[in-house]
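In what comes next, chain A is part of two complexes: it sits with chain B in the first one and with chain C in the second one.
Presenting the complex of A and B:
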């Protein structure tokens, strides 16, 4: 179900009886009048709190009307920058106004956009001592919203924005925020292994955590090994879950592929840097795990396993040319590709390409 | 006030146990004249909840009442002598006042997908009930005498909070005096995420368990896998079909809450129960699959249902018994019009204990509420369960860890002692011992004061052997808990409860005559309360059948309204329209 089981208020509910229908027509008229009124005010450039409250009423009826949100921001900007303005109460009121709307419309982009704008205003206009508590309570709000729907990517994206900003604001204590975020992502994964967003957050914050801990090469390696063992454990538990493979691929491709960074760079994207023999070691380990999974006999219909086998089977031969025992024979790879053609016929073209050696993940 | 005998009643219900109370609820909007009596001075009958004083009264009543003792026998209460007021002991080590306790005879848990919940909602009585989440299931694992730190390997984690936790745990283990711990509790995995996290399950076993869980999630559509083994041992089935050895079978058996040994538990019994458990998780909130009603479980539901019956016009009399029943047929024609007419059977005359003679069309009750109609129970062979209710001097916090991110507080925990986990002094062969179940209710269930906990123990064995097992289980549990000093049992009610073995898969067809009422067509008898630790949904089928018979078989159900679907009464309830 597209909304993860969180019911979307039905906007297409048809009124059946005459009385309900009349009621609905009256509401539609009221709405239209309000829209016309607001637009009139905006043309007149009537940027006052009176107009603001009309906009509030309108947005409560329809929180997804982007243009009206833009109007709101126009008026707010005007009010915020006028003399004698008190930015803090204005911003706080708006943040509060959004809350019930989040509950009824958890997937509305407009709400998060507006929130983000409000936070940016707070950074511009308020002293750090005032804006910091706002950010902290925003983070708590994210946790609440995500506990209602843990897979709402809006929530995760917004959380990322807030916590990134918070890291900067906390200066020396920023590291605590990074650890806390990594921990949060970890707990969400433990609550539900299928949470793509949580795995993604875990990957992103994992890298930052290593910087915060000022991990040296051996610590990084240990971190990598722990991650690998964690995801392997998860894959054994449920090899049918795509989000787990996604994380597994991320780990291996960013460290063990032939092109993974030879030396750390400022924008480093990998957990650790491996030498070619190390790369082939981990790839060999992965292949052994995959074969073991196959042997257990009940994943014959799991295309992810075969796909992984092909990718890493082909990769291992290329990461360490010095390696004598070459890795995986072409015949075996062809066999796996054959299985893929059966298990995933909609991607037949892709498997054919791979058979020809074209386009396997680099 | 009109005396009872001046009214011609439609229904006389005897007994306010859960089943009869649900029927009263069902009838509460039907316009039928209902007289609901109970021989006790309290509501709930065999499903009631007691304060300490009420418990003592109950014990005395049971000893004197042959009928109730057909259900409950060997009832006794023990309480440890209270320390002096002068001695320094924490409050939790002393029994509080009688009213601080609400010990229930019906602490059954309700699965999220139980049919009872939608009924409580549609009948609107849910507003008078508070529910709490059942948290973890545990299995008791006896340990051989080994030094304290020889335990499962610590899995390495990168998360800093987990690493500090692990370090803490390790340090604690080193510091702990090598107590001769007899056993420890292991959490039963509730599903995929629990299996993932459980470091005591190796990778291969994780796969095998997951394979079984996958199958169970949709077992109905794979009859070829299990139907041929439906009546054979579940243990066998798991071993042969899924390569699951006994240590891995134990958690699955624990989830079924089966009263029998693994060998006696059939596949046909176990599969639906495990499926129900797994399908219920997350249905009402993250991480949990079952709930319990606050303030005494089934007793509270009975109270609320009777209240609804009274508001609907039913007349209630406690402390009044049905003494004699005289069934007369006033009509000579016997054609019972089943297609919409009223029952042709005449009225029955009932003599009540307070002297009133009343006339009624229908009589509802059970073997233990209707002395005059002790029909031979057609409900199946007799089964019994030895039980105890104990008040313990600690809140047992280690039994109630956080359920999961975003979940409510746990208010119930189940500890299972599989066969072989308790060493008894008798010459039992370990595999032949039935499992012991301890259900723990902390103080937020309203059943005991803060700082204490109520343990509901049960085992499917006869009294003396049963109590030996229960006592040992409780002792082992208290000893394995991570408190500074071992908690004590402050108070205990012991009893044996009997029932009939009609199980939930023998539900009566609505068209079939009600069970065990011999030739008396207007007497509707409920079976004795089930011994199942989980609420038995088949109760609702029976209530529905009886309700349909009483309100009449109008060919169109719309005539009599739907079963348990009521509108809010005026002045009550909130406006639930969601126009905005």
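Presenting the complex of A and C:
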């Protein structure tokens, strides 16, 4: 259906030879017979291991067939609750069955849904001492999937789901999971600065880590300074990478904006609460860094630097209107906006709005 | 009836006022969509049966936008939709497939498009109320979110689908709308975008579902328009196409997810529409019809409808106007 990145064959290649056609028709027949057989077994309520293996064969041919996954869960439910049932091997065998399918179909929703269902069953049917190791090994699986594709949306999402559940399962030791996930996000960032998924995770777990550590105001401020200096160094490494700028914006907007805090919205959760003079201090420091980056000479065509100058240049005057140095003048801001129009014509409409003071980040 | 399958095989000529490389091959796309259901000798046809009803919705919508609403037979369309319905009111992807939110939404959208929602209330059928309660029962009373079916997978896609279908059925009163709205809010991220669930990374597709849900609920005031507008406008890459997340490849389907979200928050002018238009047109299969994810790739009906819908939002001449929600 939704084919992504599959090259279009030429029309001559589409005209299949007689032999290829016969082969495809035979495959269709085999597949449809298997579907019919499984459906028949389900109508007969033949919830046995024999039906389960036919379902295994069918799902191996087509892992996105969601109704067949439902059938699988019906049978497993039956088997898990029958007398003399051995839930642990049943659940683990099914988790193993999924492994090769994840590798061939890394974006199939059905596989993650089924995995998650198996985990829920382990919580219901196994003692905590047995379900806990299953959850922990799931994180290892996520690491494997994310090492193959560090941006896999499903892999990151599933990892978050499992680790959130682990936080609850570990009770008073749940904080260790939060710390470990924050570390994992950091390692992924270090491995590749362009990984926005990892920056996202770093932001999300970073806030949680501070809560787990019961960090006081000074620890929070230290954490913020640490993040700011880290992202600043990263910007010097690759000022053209938008992932870095989004994280930079996150740090400054949630702490230094005249609007922050308080805000109930999760989109504006911040690491620390700053006073107006502190906001002014960090904005001034940031502006100095950005000017320095520009003076370094080789980023004159980097629109991100100018965007940041505009945002924080405007913001500093609003945070601290009485600055002795007078902040940043409107003329200079307009100059940067002019640069943006030249460097980034795709978004000319945004720069035009920003010139009128409409839609500027705050 | 299927409209989900592999490459196009249209034919015939088409005349255009625009230069050839920039023209929309309307006739070829119509023919491509019309022939999708005749491809039962392809394995792909059978492997995609679990998407049938959505495929029909995508094809039908594309035809309506192309100004050829009659290109699929109305009675057959209705009969196929009804054949997918279960006693509980929900719809499966095809006969024999379990009921699920996604296909129930597609069914309602198809019937609404061809002005046939009353078919649901004919004697012997489940009735609109039962469809409404199938959807409403999938809401989690605690968090406000929606599951796809009884097996419990939750996703902001299902929440949007529920609100979309219930609003078409005038049955939004069946659910706890404020709870759904607050769930969407809990999925908001620092970049102004939204994810699959609270804490999940922003993704253009999920942004469409969350902003769309807020639009239906009349709560667009909750969107962080400036941050989201910035993030969405940065989806446009040099070639004119849009990607779904930072540093990813452009893809025609985001012409819809990103563009409609920008339209809903009043920031459509924050990207270069002309360049996007040219990118979508380059993704057409000029010989056999249909639109692909990127130029030269295999076409499918999913990218075909979202490419055409994108062009419609960009006011491409000759297309019917699409509602961004």
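Operating definition for what follows: the second predicted complex is superposed on the first by the 304 of 362 C-alpha atoms of A that agree within 3 Å, B and C clash if a C-alpha of one lies under 4 Å from a C-alpha of the other, contacts with A are read in each partner's own complex, and residues count from 1 in each chain.
Everything below uses one rule, namely that a residue touches a chain if its C-beta (ideal position, glycine included) is under 8 Å from a C-beta of that chain, and two chains touch if they have at least 3 such contacts.
Only a predicted model underlies this, so the values are computations on that prediction, with no experimental measurement involved.
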Exercise for the section: Look at A:157 in the shared chain and tell me whether it touches chain B only, chain C only, both, or neither; answer first, second, both or neither. Expected result: second
Handout entry: Contact breadth on chain A, by residue count: chain C or chain B
Key = C
Exercise for the section: Determine where on chain A the residues touched by chain B overlap those touched by chain C, and list them. Expected result: 9, 27, 61
Handout entry: Residue ranges of chain B in contact with chain A within the complex
Key = 156-162, 192-193, 195-197, 203-204, 206-207, 210-211, 286-287, 404-406, 578-580
Problem - chain C - residues contacting chain A, complex - result: 4-7, 9, 41-43, 46-51, 55, 92-93, 96-98, 100, 149, 151-153, 185-186, 188-192, 195-203, 222, 224-227, 229-231, 233-234, 236, 238, 240, 245-249, 251, 253, 267, 269-272, 275, 285, 287-288, 292-294, 296-303
Handout entry: chain A to chain C touching residues, read off their complex
Key = 1-9, 11, 14, 21, 24-25, 27-28, 31-32, 35, 39, 61-62, 64-67, 70, 73, 109, 113, 116-117, 120, 151, 153, 156-157, 160-161, 164, 194-197, 200-201, 203-204, 241-243, 246, 249-250, 253-254, 265-269, 345-350, 353, 359-362
Exercise for the section: Would you pull the chain A residues touching chain B in the complex into a rising list? Expected result: 9, 27, 60-61, 147-148, 150, 179, 182-183, 186-188, 190-193, 206, 209, 223, 226-227, 229-230, 232-234, 236-238, 293, 296, 298
